[in-house]
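Please find the structures below.
Each of the two complexes below includes chain A, the first together with chain B, the second together with chain C.
Our next item is the complex of A and B:
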């Protein structure tokens, strides 16, 4: 796998919501009544979305990855959102949470609330729980609304997540 | 975004129903604002009846223990309550399974199953579905709170299937061949299974949705392989849906 190639893509319907503090399904409806499925993340509490996949066989051993969160605001047209990403290799007891530490990145809202912003969270292989090709993994994405930087007072809407080899 | 009913003058109804008799299953998620009022979350009823023919799925806040209640009524009434109750302000899963004219059950959160065997005959007069109300001639027993992920099947789901729903799986994941009505209520109010139109009375609002796991297509990211001449093959769309 070459640098910048896509390793996985996740859409809102692929969410495996935690039992608590979960991002909620929503729709953004365009002027012709056609929908964009999104996941809403609150401004008042940290909420999470989880996605699972298997790392492709052509993932370069120990390569860093980028988790790219595509998002928009429900109504805001300015401000900053703090996104976090955590990876868990599928080589541990399924009954025990073993996500690696959260990595974060800030993104700036577009001046039009319906226009998405792409925020890239960079993870070394170690920060990605030392994931290897062929391994199942879980990706936990959250909005860290109390990061001190996140200052958007309303919901933000996740539209897609892409993992690329960095 | 679930639909939030005020408990006063707000509900949805269809103009027909895909089920009129057992076996059938009715299920939804709800987050009630009241633990003292009985609220019909979903009903299959007769639009010109004054109350004698229907199937209901209720959050029975006026009943001791606040159970989930199902009633099958056609003259006689078969009433069944779940053995535990709901808490206002929390999401719960409600389900009623009517296996036959003499077998019905009510569940909360996938368990606490109550059963009833009163004989209640079928009626072909049932002609509409109500959300947030008992959809008889004058809609009544309105819901005060949120409703989401309403499914109606023309089969009796098993205990394990009901548990799957309560664990968060979408109705689309659980015996979908028997699913004849499905309204996710994620902002839009549509029967995405049978195509029935849901007509609003009042102006129900939207609020945060419940936890839910939807079926989805896996996205396989193809490996870029070299084509003849050494140039990379072109991948249209960036992925293959399987």
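Our next item is the complex of A and C:
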């Protein structure tokens, strides 16, 4: 697979929420009453969303990946959010959490709360738990609201997540 | 009555950030400072508020009832369409 090619896309309805501290399913309704499903991440508590997939067979061995989070704010029109991504290869005991360490990236809110921003979190293959083609994996996405940089005074709303080969 | 405990102020802060649906352009830190200042102001002016209530309501209503009365008036003043 070539650099920048898409490996996986996750939408809010594909979330597999943890039993606690989960991002809240919500919707943003446009002026014609049509919805945008979103996942709300709290400003004062760390919350998580989880997605599962299988790495495509044409994923280049040991390639770095980019996790691109598309998000907007419920009400804020300025500020910074800290996103984190963690990957777990599906080659371990399902009863034991074995996510690799969290990688982070900061994103700046758009001046209009309903306009989305794309924030890219870069992971080497090792940081992505050494995922290989054909392997099932879980992706854990969270807002690190107490990062010291995250200062947005409202929920932030995840609209989509894309994984690309870097 | 003393000012709110730090955990209570944090709860007010967190709930407000969850529930606010109008545009906001200050940071979380700035918002928390505003909540702290408002709580301090309420504490400082509690006696004056009580004195402003005429009798017999001042003597009959409980502190909680007076607080709810204040909340109702303030909400009505700012939520009128």
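In this section, the second predicted complex is superposed on the first by the 166 of 166 C-alpha atoms of A that agree within 3 Å, B and C clash if a C-alpha of one lies under 4 Å from a C-alpha of the other, contacts with A are read in each partner's own complex, and residues count from 1 in each chain.
Going forward, a contact is a pair of C-beta atoms (placed from the backbone, for glycine too) under 8 Å apart; a residue touches a chain by one contact, two chains touch by 3 or more.
Predicted, not measured: the structure shown is a model, and the values here were computed from it.
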| item | value |
| --- | --- |
| First, second, both or neither for A:30, with chain B first and chain C second | neither |
| Touched partner set for A:113, first chain B, second chain C, both or neither | second |
| Partner chain(s) touched by A:5 [first = chain B, second = chain C, both, neither] | first |
| A:76 touches, of chain B and chain C: first, second, both or neither? | second |
| In the superposition, chain B vs chain C on chain A residues touched | B |
| First, second, both or neither for A:58, with chain B first and chain C second | first |
| Chain B versus chain C as contact partner of A:19, first or second or both or neither | first |
| Chain B and chain C contact sites that coincide on chain A, given as residue numbers | 42 |
| Of all residues in chain A, those that touch chain B in their complex | 1-2, 5-11, 13-19, 22, 24-27, 29, 35, 37, 40, 42, 56-58 |
| Complex interface listing, chain C residues touching chain A | 10, 13-14, 17-18, 20-31 |
| Of all residues in chain B, those that touch chain A in their complex | 1, 168, 184, 186-188, 208-216, 219, 221, 223-224, 238-239 |
| In the complex, chain A residues that touch chain C | 42-45, 74-79, 113, 150-155 |
